[in-house]
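A, B and C label the chains in the order they appear, each numbered from 1.
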Amino acid sequence: MTRRIVLAVLALHVLGLGARLAYAASKTITLLNVSYDPTRELYQEYNAAFVKYWEAKTGQQVTVQQSHGGSSKQARAVIDGLEADVVTLALAYDVDAIQQKAGLLPKNWQARLPNNSAPYTSTIIFLVRKGNPKGIKDWNDLIKPGVAVITPNPKTSGAARWNYLAAWGYALKQPGGDKAQARVFITELYKHVPVLDSGARGATTTFVERGIGDVLINWENEILLSVKELGKEQFEVVIPSVSILAEPTASLVDQVAKKHGTLDMAQAYLEHLYSEEGQEIAAKHYYRPRLASVTAKYAAQFPTLQLVTLSEVAGDWQQAQQMHFSDGGVFDQIYQPSR
Amino acid sequence: MKRHSVLPGFGLTLGFTLLYLSLIVLIPLSATFLKTSTIGWERFWHTVTEPRVLASYRLSFGASFIGALINAVMGLIVAWVLVRYSFPGRRLVDALVDFPFALPTAVAGITLTTLFTRTGWLGRYLEPLGIHVAFSPLGVVIALTFIGLPFVVRTVQPVLQNLDQEIEEAAVSLGAGRWETWRRVILPEVWPALLTGFALAFARAVGEYGSVVFISGNMPMKTEITTLLIITKLEQYDYAGATSIGVVMLGISFMLLLAVNLLQWWSNKRHA
Amino acid sequence: MRDTLRGRFSFFGTPRVKKREPSPALYSTSEPAIVRRLLIAIALTFLGIFLVVPLAAVFAEALKKGFGTYLAALREPDALAAIRLTLLTTAIAVPLNLLFGVSAAWAIAKFHFPGKQVLITLIDLPFSVSPVVSGLVYVLLFGLQGWFGPWLAAHDIKIIFAIPGIVLATIFVTFPFVARELIPLMQAQGTEEEEAARVLGASGWQMFWRVTLPNIKWGLLYGVILCNARAMGEFGAVSVVSGHIRGRTNTIPLHVEILYNEYNATAAFAVASLLALLALVTLAAKSFIEWKSHERLVGR
């Protein structure tokens, strides 16, 4: 009796295993796009459009797979062997890391696509509760007593680094603004943060669904999207006076694409982002397009504000990382007990 | 040396066991140690004693300790109630005790978080009272209490069940009051099992990730657990730093395990 | 002494000795009624808050938008892919761990050899290793920058960020379960029956199938059930090695996290409720096994 039970259980396992293994892999070509957190909806739509476009153009069937997560986390996965044909990450620094630590793409990657390989841009704005009870208008309101600020962790989130640098940029732009003053402002700002999520989407969930905090600092596209998805009745958008021009970058991962034989397709995938269709889709998802015609068409949905660039605020990413985000940098020092 | 045994299969089974262990456990773990050793003693020490890392140890180990303590006390009560009393639904409750063990950690994490936020079923009563559970160390303690719950109950239950009621009767017949009987007869019997359960709940809680990372808040120096720090280091491409902290945790866990083994060995000796 | 409480304790703490109902005693060996009721109340409140409420919350959140939405969430392609992957992973991990558990228990329980305690402690190791570290060790071995990375890449073998990596991480986290159930059981049962069978002329396999297996079958089933539940629900270790490729390398727990992060808490809880249901089934199976085993002991 026992013997039969055991045999039956084992046989079931083996059969089940066989059945699943027999699940034939499809014969279409697949592209893997490893992307950062908030772009889920964007690439869902874009991928469908690209598949149609590519089939119309070459007759080839293609499936585009997506992976999403915090930008650095995704870059790390690619470095460790996640076989991305293209990466579309939150900041050039993460793509640089892939180049430096794994050599999967060439040093001059950023120059290969227009606009420094940033097919769309975004910026950093605020989201507050309906009625704006704490009266938040600009960056300096964030450090008023009793204001709780939600922003993700700059060590793991691309968005968080843009947030941080936007705040830094604001402080620099104030009368008499210099590094010391910026440091004071940043330190005070992060003292108002109760939760540090690891990614942009996590921060939005914390603010929106869990009801924590008075103001959320996040990507413009993320905030505009969440207002659309979750209702204007609960939240208001606040545009600060100054913010940073955030440039999420995309690149081909040459070694992987060569190995998969998807070089042409992956290149077309990236180039199509700059086409009218690609730019329209980006704009629809609240990413600021590059193409002038699309920009004009969607001008109404993007607020106007003074934008500073990365180089004005911190030089380049290597310098920013060195000064602010690596171990012992300004961000770490915020959390040291003052000596 | 191996006693010459009538039973077959020693070589085969021991060989397979060792092979499996090596492939799945020993070789991967040695990779961790080797990676750590590439950065040298000084940097290792520096990495694992950074203030932020120290703060995370305090939180991880502190919250685990408190959680295990709560489980020790409440677990004893629950085990006692389940073994000694009968009440409607006792079998159901008995079965339910294992629920945290069978429930995946991520589900536990988001459920507990949803419960204790301002709009949650429990949070809406606690927040106005100023008791912040979500995103605070208290939340971490609650999550760790949840996942450690079955350990103490299940370790103590068999001992209580095996307790000979005649000894208690003898104590009473000799004039001991109920409390005294409890203190001098029952508690010493239960004590090793209680300690073992506590140690197991503690060890489990220390390494826990899925159920804590949602509710914890992840503020450096305040609500950051050590396992999250390991991941943060990884995402900064600091593999050696991540493995260093991992090695420290491994070492502490291993010592805890050893302590549990010794406890059991000691308690067995006492019963011999 | 054939007392299963000696040696390593059995993990689910099965009362394999006689279950005693509270018996009327000659002298009062029980607390005054008020104390009893108070203790019951405390115990039930504690369990209520920590067990019942979360359990109810999972289902309440899942069904918040109605049963139709609930089913739709489960039938969505990515969810189905996650379910398939979880089942596949478990179908590989559990039998392998079963084999390991029986082998290890046989070697440890029936023979004497030096280093037995070390072996037992090693088998226990995954219980105390953080799941994140578990995943990390495989990245260190098989990742592109790891020991075997370049060789694997050259031969186009994908382990990390593909299904084999997920299976490995799951095996690591769950392999002690069967062994840990069987070792104390087999130790308590001793070697007499098997030796008797051998003396009477049984071959190794006959002895195993007809003597050993029937004796351990309930413990074995236990261990498999535990192993299964844990394998399906593992989050931390798999999260590190998975790559999170939607529709390909996401297991049910990872899919729950994704849904949660997409403003879709209801769908997240719907998928999570599958795992909660599995947990309940595990508990029911465990009670059933206990009942059966009790029957057998009492000799009905």
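In this text, a residue touches a chain if its C-beta (ideal position, glycine included) is under 8 Å from a C-beta of that chain, and two chains touch if they have at least 3 such contacts.
These numbers come from a predicted model, not from an experiment.
Enquirer: Farthest chain from subunit B, going by the mean of C-alpha atoms per chain?
Expert: Max centre-to-centre separation from subunit B belongs to A.
Enquirer: So using the touch definition from the top, which pair is joined by more C-beta contacts, B-C or A-B?
Expert: B-C
Enquirer: Taking the mean of the C-alpha atoms as each chain's centre, how many Å separate subunit A from subunit B?
Expert: Each chain reduced to its C-alpha mean, subunit A and subunit B end up 36 Å apart.
Enquirer: Measuring from the mean C-alpha position of subunit B to the mean C-alpha position of subunit C, what distance in angstrom results?
Expert: Here the centre of subunit C sits 16 Å away from the centre of subunit B.
Enquirer: Please list all residues of subunit A that touch 2 or more other chains.
Expert: Where subunit A meets two or more other chains at a single residue, that happens at 79, 101.
Enquirer: Check each residue of subunit B and list the ones that touch at least two other chains.
Expert: If we look for residues of subunit B contacting two or more partner chains, we find 231, 234.
Enquirer: Multi-chain contacts in subunit C: which residues touch at least two other chains?
Expert: Only 145-146, 260, 265 qualify.
Enquirer: Give every residue of subunit B touching subunit C within the complex, in rising order.
Expert: Residues in contact with subunit C: 1-3, 5-10, 12-14, 16-17, 20-21, 24-29, 31-32, 35, 74, 77-78, 80-87, 91, 93-108, 110-112, 114-115, 121-122, 145-146, 149-150, 153-155, 157-159, 161-162, 165, 168-169, 172-173, 178, 181, 193, 196, 200, 203-204, 206-210, 226-227, 230-231, 234, 239, 242-243, 246, 249-250, 253-254, 256-258, 261, 264, 268, 271.
Enquirer: Residue numbers of subunit C touching subunit B in their complex, please.
Expert: On the subunit C side, the touching residues are 5-9, 11-17, 19-23, 25-32, 36, 39-40, 42-44, 46-47, 49-55, 57-58, 61, 99-100, 102-104, 106-107, 110-114, 117, 119-133, 136-138, 140-141, 145-147, 168, 171-172, 175, 191, 194-195, 198-199, 204, 207-208, 226, 229, 232-236, 239-240, 252-254, 256-257, 260, 265, 268-269, 272, 275-276, 278-280, 282-284, 286-287.
Enquirer: Given the complex with subunit A, which residues does subunit C contribute to the contact?
Expert: Residue positions touching the partner: 84, 87-88, 91-92, 94-95, 139, 142-146, 149, 152-153, 156, 158, 160-161, 209-210, 213-214, 217, 224, 243-248, 258, 260-263, 265.
Enquirer: Across the complex, what residues on subunit A touch subunit B?
Expert: Touch residues, subunit A against subunit B: 70, 72-73, 76, 79, 97, 101, 153, 155-156, 193-198, 210-212, 326-327, 332, 335-337.
Enquirer: Along subunit A, where are the residues that touch subunit C in the complex?
Expert: Counting only subunit A, the residues touching subunit C are 2-3, 5-6, 9-10, 13-14, 16-17, 20, 23, 32, 37, 40, 65-69, 77, 79-83, 101-102, 199, 201-202, 204-205, 208-209, 226, 229-230, 259.
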